[in-house]
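Order as written gives the chain letters A, B, C and D; numbering starts at 1 within each chain.
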Amino acid sequence: MKTRIGIIGARGFTGGELLRLGLTHPGLEITYVTSESQAGAPVTEGFPGLLGWTDLRFSAYDERAALEKADAFFFALPDGEAMQRVEPLLRAGRKVVDLSGDFRVRDRPTYETWYKREHLSPSLLERAVYGLPELVPNVREADLVANPGCFPSAILLAVAPLFSHGLAVPDSLIADAKSAVSGAGGRSSLDPSYSFAAVSDNFRAYSVAGHRHIAEMEQELASVAGSPVTMSFAAHLLPLMRGILTTSYVTLRELRPAAELQRLYAEFYRNAPFVHVLESALPELRHVSGSNACHLAVRVDERTRRAVCVSAIDNLGKGAAGSAMQNMNLVCGLDETAGLRVPATGP
Amino acid sequence: MKTRIGIIGARGFTGGELLRLGLTHPGLEITYVTSESQAGAPVTEGFPGLLGWTDLRFSAYDERAALEKADAFFFALPDGEAMQRVEPLLRAGRKVVDLSGDFRVRDRPTYETWYKREHLSPSLLERAVYGLPELVPNVREADLVANPGCFPSAILLAVAPLFSHGLAVPDSLIADAKSAVSGAGGRSSLDPSYSFAAVSDNFRAYSVAGHRHIAEMEQELASVAGSPVTMSFAAHLLPLMRGILTTSYVTLRELRPAAELQRLYAEFYRNAPFVHVLESALPELRHVSGSNACHLAVRVDERTRRAVCVSAIDNLGKGAAGSAMQNMNLVCGLDETAGLRVPATGP
Amino acid sequence: MKTRIGIIGARGFTGGELLRLGLTHPGLEITYVTSESQAGAPVTEGFPGLLGWTDLRFSAYDERAALEKADAFFFALPDGEAMQRVEPLLRAGRKVVDLSGDFRVRDRPTYETWYKREHLSPSLLERAVYGLPELVPNVREADLVANPGCFPSAILLAVAPLFSHGLAVPDSLIADAKSAVSGAGGRSSLDPSYSFAAVSDNFRAYSVAGHRHIAEMEQELASVAGSPVTMSFAAHLLPLMRGILTTSYVTLRELRPAAELQRLYAEFYRNAPFVHVLESALPELRHVSGSNACHLAVRVDERTRRAVCVSAIDNLGKGAAGSAMQNMNLVCGLDETAGLRVPATGP
Amino acid sequence: MKTRIGIIGARGFTGGELLRLGLTHPGLEITYVTSESQAGAPVTEGFPGLLGWTDLRFSAYDERAALEKADAFFFALPDGEAMQRVEPLLRAGRKVVDLSGDFRVRDRPTYETWYKREHLSPSLLERAVYGLPELVPNVREADLVANPGCFPSAILLAVAPLFSHGLAVPDSLIADAKSAVSGAGGRSSLDPSYSFAAVSDNFRAYSVAGHRHIAEMEQELASVAGSPVTMSFAAHLLPLMRGILTTSYVTLRELRPAAELQRLYAEFYRNAPFVHVLESALPELRHVSGSNACHLAVRVDERTRRAVCVSAIDNLGKGAAGSAMQNMNLVCGLDETAGLRVPATGP
């Protein structure tokens, strides 16, 4: 029997991708989807690409209905919402994978500094497990998973092996990220910053210091490295709908040949079904778009003793809905790759 | 046990899509893929988006190996090639779905006029079944399927109900088509007409009279209408990789309300799992891209007594590899939708 | 001394293009620009691409200030606005080029049928001259110019020679147009239909019957042909910011060779500095983008006795601001090409 | 009387832009354009966007004809060609602006290390002046100008003020650059890496260590700083035709407020007509595309004591043809901005 799934906040880009993946998942059944603004409308009206796939309609969120209709939940609401709704579901034995930033930062003061708001369920901060199973071992045991930010997914996978092996100078990391619209916050199609006129045939930097995702990256890298890490991070907007490519610069404690680092990466990710370490090629967004894959490459700039680490993910895939599905599989006791056997769309 | 499948000519856009669909198909197993230029190389070198999905390598085509390794074949070679290779495979009891133009035109002189070449297996012309199962009833019994051209798939589905019901003035059809690069013939990435510089931020007409696809469209419409049909057709190139949208203008024998035509369309396609007749919206490429769906709309211009029929397909989906898979399912006795339960990629 | 120019409604796409052209014009000086929402802000805040080019600020429209500051005006307001403001300016001896639909349809009932509103300055309808100088001889004498719609500019230039020479079957014209966002009505960056998510990697039909521009096209073709003309028209949205390409199908009274029609076109436009009749190539948007050029091709489909006429313009150039500047040059007694000596941007 | 100009190697992207700018230049007249492959063909056949602008035809390069027909030359040939042809022209008193890498690196061994070839005119290396007039004072006196690489133009302008004022830690600079196709080396439309299929809807890193442009950047920064500079540089490919955006990370010797750095930048570029230092906004490619402008922003990441410097140029404008025209103006004694009074294309 399939696990019954609710998607809370199903109208955005991430909600749409959760639907696309969920409706073809062999072990899950989408039974409850919410949208306050579209309540009552057929899901296919909001997502005509799902015509023929589902007769579901959006509901306004209602706790009792949620508990009746579903065994586990994706939360895909804006920051600050899930923390107000998750607790009773957990108490009733439901599993939750939250795609917002509400539970990613374990330390409450750190959370409140970076997110500039009070946390309303501080007791859940420690209970939540950071859902990057390639680095975090205990996702399978969690009932509340904090799904990583899209940028952190891409950057942590790209540099974790260096920090894990003590090869990185701790404060040397600079991560330069380039994101498609669906990952950059273009949530509302009403924001003129994300109009076709503003994005097409264009490229711009939009956050060059102080992005919230730094908090969870420093937290997880410290955990991997065993000591504090400080980093710089900048985000740019690509004229694309899907994909994040990141280029990270890390000063090496001592120079190592690129081939050695590649072996180390391949070994580090040998049990990670979605991570592919490229040898001769460099990652490209087209090769991961539509999938849950992460393509990685590591190179060495000998003149400056820096490693240059490049990663590509689909921000809606491994950067959001795909990884959330991977986490849901784990907490539901399913195969990690169930429902994610979808190659990149290509060509 | 899965049917073993060979893809002959697997290196192009269509070959890549056949791989993407075939590698996740529940009833088929890809066992043999050919490319003369890439023989020996891993399939994932040509299609990095398939990393993690297959260990297959390209072979040079060899009839004996083909017969040993596969039960059924997709041919995705340039026009004029399949007609030289298919006969021995059929004789050995194999099924073939050919994606070229070699077997689409049943009448030999008509073929030779439009394709400007001699047909080398004329006896197969009558044996082949035109693979548009929404209009052609006997695909399931075929062993040689002529997969329709991408434009004909889109246009025939858009106007067939009008011709089938005798509503169309026979020589009034004008079909204006807009195609993405992968459908327009941008087969070779070496053709400067399909360089990024030539296609991006651009739109152009590329064939406004005498396109080969007219032959099969007039043939199939005549078959549907029961009398000869003559049409105009023009093709344009969109700055996109996937999708064909067509707008067809048909003078009605007598004026009918749009709602009546919509009902008639819905009825006509009530058993076609991939065809969706829209009511209030007009088709958009984004809603079919990556899928085997065809979205249709029919409107009436009362001032001119013309029906305007709009259709959208993914040229690699319902316009090529998707419909080829649908046909393969039929000739192999599988469910028509097997392996095609892939929603549009979105968002 | 330069003629002083006011741009009324300078904040939209057309306003921006009028500024780009006006600020480098040798014979005009932009002295007054209005925007109700941006009043007080520097023009360069709305158009950062003009940084270094102007210190102008937007004003709220004020008739007295307008009369003081400028000798001639572009009106680039939404339909229905210019008709309320133009009369006093004309009375004061000012010239006006209006880019809205307010004065394009000479017959009041026809106007009111297509635009579904009452005309508030009906006396001006006859005074206004339709500003397509390639077809209309008396623009130079006008004080009120109705600048053509973007689609009509492209389509009229494409088919006028056939109608002018009596070669076209009068009710046979079908014009299939494909427009970039800035021409399709994506005026407000707040309209979700024109978000990046809705337009990019997409193509859609958006008006397949009853578009307002039909009124002025039938009017002008009737004038060129000397008898009534009825036509079909459909508009589609390209994932581009600039450009309109149109494909028009016209049944010929009798078959003529393409070469003869090409000669006839070349002759028809021999004094039109912005119209180029291509011989072997077909028009492409990239080759006119950023300029005031119109590229044309005419072909013949002998099987159906139809001429196929393709035209390409920049909808902001010859489709709006460029042609408005051309008209302003004429009414101000300047050289028709002044300020328009800007080649296509390319590559 | 206008200075007569030859463009040697006029068929590429840069050649096309030199033509676009040159054909509308008030003080220059293009009299000689070469292309070996197109010799004899009208320039408008290669650049249909110039239809109506010129009757010139391409010639095969011939030194005698060159000397007869032109007073000054742009060289836009691949690396290694200009060094074989420039000397006799200089001897005959002609001015040369070379857009290749042949004369950018003053030190011969450094040149030969980075370019991996012997320099065939080493005596010219010292004679050539590096053509970035915002940093280099003596361009006006040169007869041989080495036009900067596109990436160096963008990056040097972005960080020079910090190095000039001694604020930068010398080996801390990391420059992450994102380039459109016409700047990334997509010279030949026959290279499958630059096909529409390979570039569209994609983003990739293509050079993460050891790019040749590092040589000239370290050279010029050392000159500005008065001491050696070592840097990291990575280049990425955007799905666009025009534009380079760079993000540079520089560790500050001591923390300074962003506002102070902004004032310092504004002062540094107060006489540079094409450089605009933004205050509240960040640079965007759309705002410089088609122009010779450079938009800059400098921000401070206090947590890491790094300055983040963002610059945007049109790689064909300030990154190649625009800056070459600026240099040509200077060596010909014209106003620095002549022929470059072209705002960004927008919208």
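Here is the rule we use: a contact is a pair of C-beta atoms (placed from the backbone, for glycine too) under 8 Å apart; a residue touches a chain by one contact, two chains touch by 3 or more.
As the structure is a computational prediction, the values presented were derived from the model and not from experiment.
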item	value
Remotest chain, subunit C as reference, centres from CA atoms	A
C-D compared against A-D, more contacting pairs	A-D
Chain centre separation in whole Å, for subunit D relative to subunit B (CA means)	46
Approximate Å spacing (C-alpha centroids) for the pair subunit C, subunit D	36
Whole-Å gap separating subunit A and subunit D, where each centre is the average of the chain's CA atoms	38
Junction residues of subunit A - those touching two or more other chains	13, 182, 197, 201, 239-241, 284, 286, 289, 347
Touching residues (chain side subunit A, partner subunit B) in the complex	13, 16-17, 20, 23-24, 47-53, 182, 201, 241-242, 273-274, 276, 278, 281, 284, 286-291, 293, 295, 316, 341-347
Subunit D - residues contacting subunit A, complex	171, 174, 176, 178, 197-198, 201-206, 208-210, 230-232, 234, 236, 238-240, 243, 245, 247, 249, 282-286, 289, 297, 299-304, 306, 308, 310, 312, 347
Touching residues (chain side subunit A, partner subunit C) in the complex	13, 181-182, 186, 189-190, 192, 194-201, 239-241
